């Protein structure tokens, strides 16, 4: 935890993620930081947001107690629907989910995401857990937000494996492979926030976190970073955001660093 | 009338899960994971299993570490709360197991296709992804009405589904509640079903609420009484999640040597679910449900 | 928080079912048929409707007789207890309506495809039948894995599903129990949902049992309080089937003239569900549930 | 009702139908006479038969009161599963249903059944209710039994419309159109019982009801009737069968004539 600013990198990322949720939106909520981001949004600017969880849960209320995983019983309590995974995926596939959040081990400049394996093509493979619902969210939500640590080994020119499709190799690719909507809308890293150029579908640096610099970001990115003409500094978490966040992660399990 | 299918965990696993079986388990994702049944698979030293599931949490990792597994058809294998599953990772990197990568939607549809008795189902996910690289159960198909390209998912028909429920009668009619994950399609698709249950109750109690029944009793092959059978995962209506066990497991599985000690302590020294419950002793009260929330009655009369 | 969707039947039908709408109704087959809502469609003189359903019992026949209907996508239209639906028969023979014949499975899958957001689903039924003669929503497709021929059913996405339930909150979270028919997929597939409910209850009562909820409340457009809203069909938990009405209806619909009298008496002279209940007066006690059978409680606490 | 024999034609048909059900079989139960046939079998030789109903019901016990339709609440009471129509159809499509029963307006010598419309091809159309689940049962059950009134206008050389496929135009047809199993096993009429020749898939008269004759049957059949070398008389309903039947249809609504 950074004593000077009074918040951690993770807290800043969760706050930035939570701001991507507008009131009334249907949000497909993933594990870990996205789960917290949803709870923060729901407590502040988006009280009518609806949470859809791949376990087969739809919730309109925040859980009555802090939860570490989406399967914790307080996250089932008084939900608006306990159903099949397939039911939640049907809402997603129909186009009823506005936004979702996914993390990853590798991302490239077109927002393709890898959570399956790195290496290959002659080099040793490092195996990761896999897609879970991430591939589905990246294919089927109207937009998805990527949250990940900003390190050069993760921000690579081309991911070793596409678990969750971004814009492939650029404009028109999603349509060409048969995807019917969606694509990444933003990438929230430990250093800044990227959006995507609607013309080229490339990642563009939109804001730099307090304490980070464009140079630091360029150094940790495996391709020449494009920078928005409207580049700004990421707003630090507000007191309200921090207080909501700490209510849901009181032990700082997810946001301790 | 019908014959009781109630038997011990050891008998159920020995009779219905021969070496080489394909098994759907962990089908409720993060809740109600049939750990007790999984541990019995390890205890009996099963070999050559195919594991089928969505997000499997640490049960798949344990079975892989114990050398029971030849193939995995799943969307995610790891530890929900800590990330990487070390046994899984080692086994893949050392090419000791074959992985067919799915997404949660495609593994659900593979079982749904099996449940429906069709050989494939179409969907709009996974197109453009590299899931197709390792998974022969993913192709594409053109809609005969619109000409649109869809992903096609091949049916999976497991030899057996192992599902943990709150209460069952001895014939296999069971009540399950909470998030359902892909349990319904897993049961419908599988050739056999082993139900492990927190409680064995009368048929009368179950049939007083037939909408809450998980799957047709006539499809069930074995019913096992397994209180705390989903620990450390949470069981709606019964107990909360034991986070500490998952966090601890990460450390205990970091090397093959550490995992061998873990196995010795939790699998081989423990001969049954009842001994296991004695071992977790203190956890039981710590995890118990303290904020009860009871359903409104429903009338099924005439 | 959310806004109440509670409104009168007249408002719900007037607002959410414009002329020319396609409507899924009668989705629970023989039980819980939304007669009160159907009668309001007739009262408001809707035109050009497409009716979508499995076994529709006499509600489809009534709507067709009242001239509301242009097209039927269904598996069976008639009177379950007596057979032929005379209005349906006349309308088809005089070519006043178009029928796309389904089977129960294909109409279910058409809605399931809509629910899942795919444009078709495969199945193994209807091959070799003449359902293909009139139904452009049936073709064949080859499985990309096995090369086997399957029937392909085109998705149906109704403008609105009208479903009668036992109890709902004002936001559209509702408990439904009994046989489910094709109600779940009809709700998931439809652009709008009108729920008519025997009882309006608190959100707290509903969310104490989230597995019993029919469909996500955020998909529901209108909630209507309609006690006896499924009469004369049976409503689990509420009342038994009024067989006499179905038998009598056969006689009352034998000719257009008889049906006009029936309509005058049961639709146009009756302005609301409350007047209707007054009209059926005696039936209410005769049909009431006398052998109660109450569910075992379930705990959703933590 | 025939005073001499003490039972009606319908009662004889229901009894004959009920005998087609073996103990422990999974039976997809249709409306009207089949519903009664199942209840009679379940009360006598097949106590462990499981009833599957297209409404989304699975029952192992007979209903506690007489029922007129399968949606009557006593038929839901204490059932083994209340579920979706699709669930019951999935059991059927998977091949878990042994036997089913369907009625019809027209049948031909290959057991093709029409419940949709008669006429056409220049003549006026008479519209009937349609398939309901009948097409599915005829396509997907391991075997199905046809129950219908024996009249010449119904027993036609070729049905005007195939609602529920039998053997099409003969051996090999089902496979050729893509059907994966099944076919009609028997036809129970008001005059006799037919089975199907495994070589030609044609209907063969197996037994003649008491009071009926081969000539009467030939006269009411629109093609030259083939007669089994083992032709017998249909066993009349037993006292047990009649007593079970009358318990389930006490008003003689379905079996009064």
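Going by the order they are written in, the chains are A, B, C and D; count residues from 1 in each one.
The criterion applied here is as follows: contacts are C-beta pairs under 8 Å (C-beta built on N, C-alpha and C of every residue); 3 or more make two chains touch, one makes a residue touch a chain.
No experiment lies behind these values; they were computed from the predicted model shown.
Comparing the CA-atom centres of all chains against that of chain B, the greatest distance is found for D.
Put simply, the C-alpha centre of chain B and that of chain D have 41 angstrom between them.
Distance between chain B and chain C, defined via averaged C-alpha coordinates, is recorded as 36 Å. A straight line joining the Cα centres of chain A and chain B is 28 Å long. Shared interface positions of chain C, i.e. residues touching 2 or more other chains, are given as 116-118, 123-124, 140, 148, 150, 177-178, 180, 208, 211, 236, 240, 289, 291, 293, 300-302. Looking at chain D, one finds that residues 64, 72-73, 76-78, 82-83, 86, 92-93, 140 touch two or more other chains. By the definition of touch given earlier, these chain pairs are in contact: A-B, A-C, B-C, B-D, C-D.
Chain contact summary for the complex, chain C toward chain D: residues 28-31, 54-55, 74-78, 80-81, 83-85, 88-89, 92-93, 99, 101-105, 108-109, 112, 123-131, 133, 140, 148-151, 177-182, 184-185, 233-234, 236, 240-241, 243, 289, 291, 293. On the chain A side of its complex with chain C, the touching residues are 26, 47-48, 50, 58, 60, 64-65, 72-74, 76-83, 86-87, 90-96, 140. Against chain A, in their complex, chain C makes its touches with residues 1-2, 115-118, 173, 188, 204, 207-208, 210-211, 213, 215-219, 300-302. Across the interface of their complex, chain B is touched by residues 31, 53-57, 64, 68-73, 76-78, 82-86, 89, 92-93, 116-117, 124-136, 139-140, 161-165, 168, 173-174, 177-180 of chain A.
Of all residues in chain C, only 116-124, 137, 139-141, 143-146, 148, 150, 152, 154, 166, 175, 177-178, 180, 205, 208-209, 211-212, 236-237, 240, 289-302 touch chain B in the complex they form.
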